[in-house]
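Before anything else, here is the set of structures, which you'll find just below.
You will see chain A twice below: alongside chain B first, and alongside chain C after that.
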Partner chain A sequence: MQGGTSVRLYGLEWPKESARISRVFDLLVAAILFLAVSGAFHLHYMLTAGDWDMWIDWKDRQWWVTLTPIMAITFPAALQYVFWTKFRLPIAATFAVVCLLFGQWINRYFGFHLWSYFPMSEVIPALLIPGALVLDIALLLTGNFLFTAMSGAFAFALLFYPTNWFWLAPYRLPVEVMGQLVSVGDYISYAFTRTALPEYIRLIERGTLRTFGGHSAIIASFFSAFVSILMYLAWWHIGMLLARVVTTPNTLKNFMGLTDKDEPAEAAQKAIDGTSLQGRSVAAE
Partner chain B sequence: MRTFCFHESSCVRVVLSAAAAIMQIGILTFVPDAALAHGERNQEPFLRMRTAHFYDVKWSTNEIPVNGEIVVTGKFRLFPIWPVNLPLPEAAFLGNGTPGPVLARTESYINGVPAIQSTKLELNRDYEFKTVLKGRVPGYHHVHPMINVMGAGPLLGPGNWLTVTGNESDFKLSIKTLSGETIDNLETWGLGRVFFWHGLWVAIAIVWLVWWLRRPLLLPRFRALTEKGGDRSQLVTSTDRLFGAGLLVATILTVFFGFQATDTAYPRTVPLQGSRATVEPLPEVPEQVKVVVNKSNYDVPGRSLRMNVTLTNNGSSSAQLGEFLTSNQRFINHEVSQAMATVDPNYPKELLPPNGLKVSDSRPLKPGETKTVDIEAADAAWETERLSSLINDPDNTLGGLLFYYDEHGKRTISNVSGPMVPVFTDPDNRTAENPKGGAG
Partner chain C sequence: MSITMTHNAKSAAEDRTQPLGNFKLAAGVTLAVLALMVFWRIFQQVYAWSAGLDSTEPAFDAAWMTLLKVELSVIPLLWVVTWAYLWFTRDRNLGALKPREELRRYFNLVLFNFVYAFCVWFATSFFAEQDASWHQVVVRDTSFTPSHIVLFYGTMPLYVLFGVGSFLYAMTRLPKFATQISIPFVLAVVGPFLILPNLGYNEWGHAFFLMEEVFSYPLHWGFVVMGWSVLALGGLLIQIAMHMLEVIGRLSQEDQASVATQR
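For the complex of A and B:
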């Protein structure tokens, strides 16, 4: 960094005022991006992993563990492409997941709890931050999206169940209700009724995975980790596609009296006259 | 200088209109009307007439304090002429139609079997239910029994009003776990742990984000990457990598040891329970009176359902037609004292059409006797309950239950069903607006 009227940022000379405006721009974009990603990621996540994430009696060892990381790695992967290739910032996954968590807590507290009377104990969102940190750091350390997919995306899914077990365990204590064995989570959702979301709608512990014995969450986590690698690669490329600046032919110009053949002539005339846009304005003055 | 408002009065009008619009949006957004019922009228008539018919429904009280209990009991029959466009009740759940969890359900049974899980039900069979609910949110709530059927949705029984008094903050639902923990209130159970772990990881995430956000961010980094002279090594330094590696190790260790510590703290846990309950229907009672619908009309201007039916008493006692039940509307034959005696004074009035049921011959049907009678259920309820829209249905078959009583008050139930033909005009010039007819 130099004294006087300019500063050096990452090896390039910047006028001080430009650097200051750039910093304000950083903050504005960060704030807008935070809200935009919160909304978009939350919408995507609610449409794909919604009920598993919304309700305490949907967070099973099989489907919740399998689906959630697969559906949650999408935005982090797409944003990682943009953040890393355009800015060398290894924070996209953490940023996306914090945005998601923000949207979820807003939604659960105001929408589910205050508006619809559900107790907070019934509607706690899943925690994805540790997996997202590992995903970001994998990209930072490897600098390669393929290695990040194989290590970071794998870890993103693998860490999901143990991360959430911290807070979920008290809801899996056994209780006896009307002579039946259920978990505390089952009983919470039974007691605080969802009128149009009855018990049978739950897609939990279905399938034959648990016939392999023991804790199906482990097998589900590894399966989810494998699919998350593929999802990561797919969404990294979706991020690449969406980050491209593309233009489409302006067909409306025909209605404005312009045709394609006019353009070369106009350009040629400009070249002859030596009039650029700036030149015209100067001439007009 | 030209401005948007040419005159001061225009400007005031614009400002006032904008303020009014904002206030309206605010009022609509933040001060909504209470939902006073559960959209049962919005359900298509074929759903209400030919799926679950609830009867003998009783609400133990119509006012409870917070933490007080209300018990809803009754029976339902799954109609045999089940709509062909609905799946059979292979999985059904005894719910309660309330405005969300304003009441907490503590017990529910179908034929004495705990109904915490879903179950398979059979058509043309009767089931007895019981639901115990605990007051939670003060207010004036409509409480229905309800059967949710997979693929068919919620099938609502009759609703009655319940007042819950007191303070919501006094509500508690306690339980003791099988591993010995006492849960003081399920509403708040485990939340301390939830807030701690969510808060901790959010704090760690913020540290990671701030580590990068504290430096010039977008344009300087973009230029450094794309322009000649940019120093990429400053974008990601060795300190960044070292910090990242440290955080990676810390994250994995925290998750690992946190998981171990949680497992140690809660050694006895169970997975979510997702089995199906097995419920036997009530013992089958042979249909004493056989009903054949010869013709049925819905008189649109007169708002009345008319049926010509042939009844055959195959039982050993007499049978007098006392009630026609459809879509939770009870059309009572006022000439049958046994039927009138079944009406609880606290039963919702809106479910008891005042004109009741008119039968051309109300005399008891003797054992072995067959006779043809005209039945008329006339009431504005056909319109207000939106049942008359059956005439717009591609399967306009009506359905309901007929209740008969013998001389000792013993009741038998028959299904009644048949195609319904609308009558749009009549010689008396009656219309929906002028149901009595004449010159109006």
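For the complex of A and C:
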């Protein structure tokens, strides 16, 4: 392509016009990915582990600690497949989690706080960035999804509770309210009533003699870490599935007024989309 | 977005001065979408507490059901107009498409996908989780709550407009998408669209057996699975990048041939 002088981009000499095309395309793709991942990941997360994330009194030592990493490792794993295998970018997990937190914080403020008048202290989302950083580092160091699952995904879940403990601790302090001992988090949520969430369906750890030992969070973390490994492996492959370039012939072609001469040459099509399989075209992995 | 152009009269030098895609139109549509989202959010702030607490009140009918009726008539009209325009102005001579125009159309497609993703974000993130907050302060006595009227009957039909529109744009203006249907593209458009039919199950469930609002209940998992399909945009973008590389290769050959002829 003619472009006059060349420019240096990504460590390579490019014709000026090619560099411009590449830059504009990259920026558009980055914007699309940010919006799409933020929207899809947020929808997935809010409808699978959202209740524990939305409310301060749901952030218990059993369900919250178990469910959150299991449901939060999904999109990071899928994106790691695409980012790492296609572009050698070890930032997918952090990117996914930042997208999620962006959507959550915007919503907790504009929706929960400004519209429904819950105090921000009741609706703070969980912190996931440190675990995501470790997941990315594990992939960067091992370069292998299996080792990343065993080390990174394990660490992603184990780090979840310590990551959040420093900001959550004040809400675990005991207070006496009308003769009852409750936590500060419980008290905030009793004060700001949720009309569609009666106490009998608050899915949190129940106080038993077993939990007096204080082991609940540790046990839950290890169980979550085990399931997170499996989830990571499953979602790595879901990412692989959704990143495949698969096409099928357009049977409406003639109806659209197109003829065979409009069709790209078979050889060129194969070069673009991969090998042809009984009329379908599947990109090579 | 861009419409069919005649290229025969254009020289390669003139073509290079053209912008890569129709950025002005994309920016205008994005700003219009943003303005609509801001309007919806302000409408909620003003009328949800004053007229949205009891669906049997005349004030609810005046504010919220009016908004619903406007949405359900205007947005489907936009579907028909936009999709019909894209279909009837389709390029019927794709075999003669020059590489530079094809590259421009690929950028237009990416811009179309950007607007689609912009709408999807407002629907699946901003207004979706907000729905959880509203149902915790007002008991639902209708399927058409102040949060649902914006989320399900406003933002979601709007992203269907751009999702199907971008698919039609690719199918009618780009040779490779015209001859081969892209499965990631189908997933990225049809999956989020199917959230709307899944809404029927959601409302049925809330109406007949589940008045509480635990967001993580299995009743909502249909939305989750449909949301996963947005990830197929990744496969689509990879496909577009591969196609563009091939077009750039042809463009380079064309330019070299042009230089050789001039010498």
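The definition used in the following text is that the second predicted complex is superposed on the first by the 227 of 285 C-alpha atoms of A that agree within 3 Å, B and C clash if a C-alpha of one lies under 4 Å from a C-alpha of the other, contacts with A are read in each partner's own complex, and residues count from 1 in each chain.
Please note the rule applied: contacts are C-beta pairs under 8 Å (C-beta built on N, C-alpha and C of every residue); 3 or more make two chains touch, one makes a residue touch a chain.
Everything numeric in this text was worked out from a predicted model, so none of it was measured.
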{"item": "Which superposed partner A:129 touches (first chain B, second chain C, both, neither)", "value": "first"}
{"item": "Contacts of A:116 with chain B and chain C, given as first, second, both or neither", "value": "both"}
{"item": "Touching partner for A:72 - first (chain B), second (chain C), both, neither", "value": "neither"}
{"item": "Partner chain(s) touched by A:107 [first = chain B, second = chain C, both, neither]", "value": "second"}
{"item": "Chain B versus chain C as contact partner of A:20, first or second or both or neither", "value": "second"}
{"item": "Partner chain in contact with A:167 - chain B first, chain C second, else both or neither", "value": "first"}
{"item": "Which of chain B and chain C A:199 touches, first, second, both or neither", "value": "first"}
{"item": "Contacts of A:54 with chain B and chain C, given as first, second, both or neither", "value": "second"}
{"item": "Contacts of A:159 with chain B and chain C, given as first, second, both or neither", "value": "first"}
{"item": "Overlapping contact positions on chain A, where the chain C interface meets the chain B interface", "value": "25, 29, 86, 116-118, 194-196, 198, 201"}
{"item": "Of all residues in chain B, those that touch chain A in their complex", "value": "38, 91-93, 95-107, 109, 114, 116-118, 136-137, 146, 148, 150, 153-154, 173, 175-179, 181, 183, 186-191, 193-194, 196-198, 201-202, 204-206, 208-209, 212-213, 216-225, 227, 229-232, 234-236, 240-241, 244-245, 247-248, 251-252, 254-256, 258-259, 262-263, 265-266, 268-274"}
{"item": "Complex contact set, residues of chain A against chain B", "value": "9-12, 14, 19, 22-23, 25-26, 29-30, 57-61, 86-91, 94-95, 97-98, 101, 105, 116-121, 124, 127, 129-130, 132-134, 136-138, 140-141, 155, 159, 162-163, 165-167, 169-188, 190-196, 198-202, 204-206"}
{"item": "Residues of chain A defined as touching chain C within the complex", "value": "1-2, 17-18, 20-21, 24-25, 28-29, 31-33, 35-40, 42-44, 46-52, 54, 67, 75, 78-79, 82, 86, 103-104, 106-107, 110-112, 114-118, 123, 194-198, 201, 203, 238-239, 242-250, 253, 256-259, 261-264, 268-269, 271-273, 281, 283"}
{"item": "Contact footprint of chain A on chain C as seen in their complex", "value": "16, 20, 41, 44-45, 48, 90, 92-95, 103, 107, 110-111, 113-114, 117-118, 120-126, 128-130, 132-140, 171-172, 175-176, 178-184, 187, 211-216, 220-221, 223-224, 227-235, 237-239, 241-244, 246, 248, 251-252, 255, 259"}
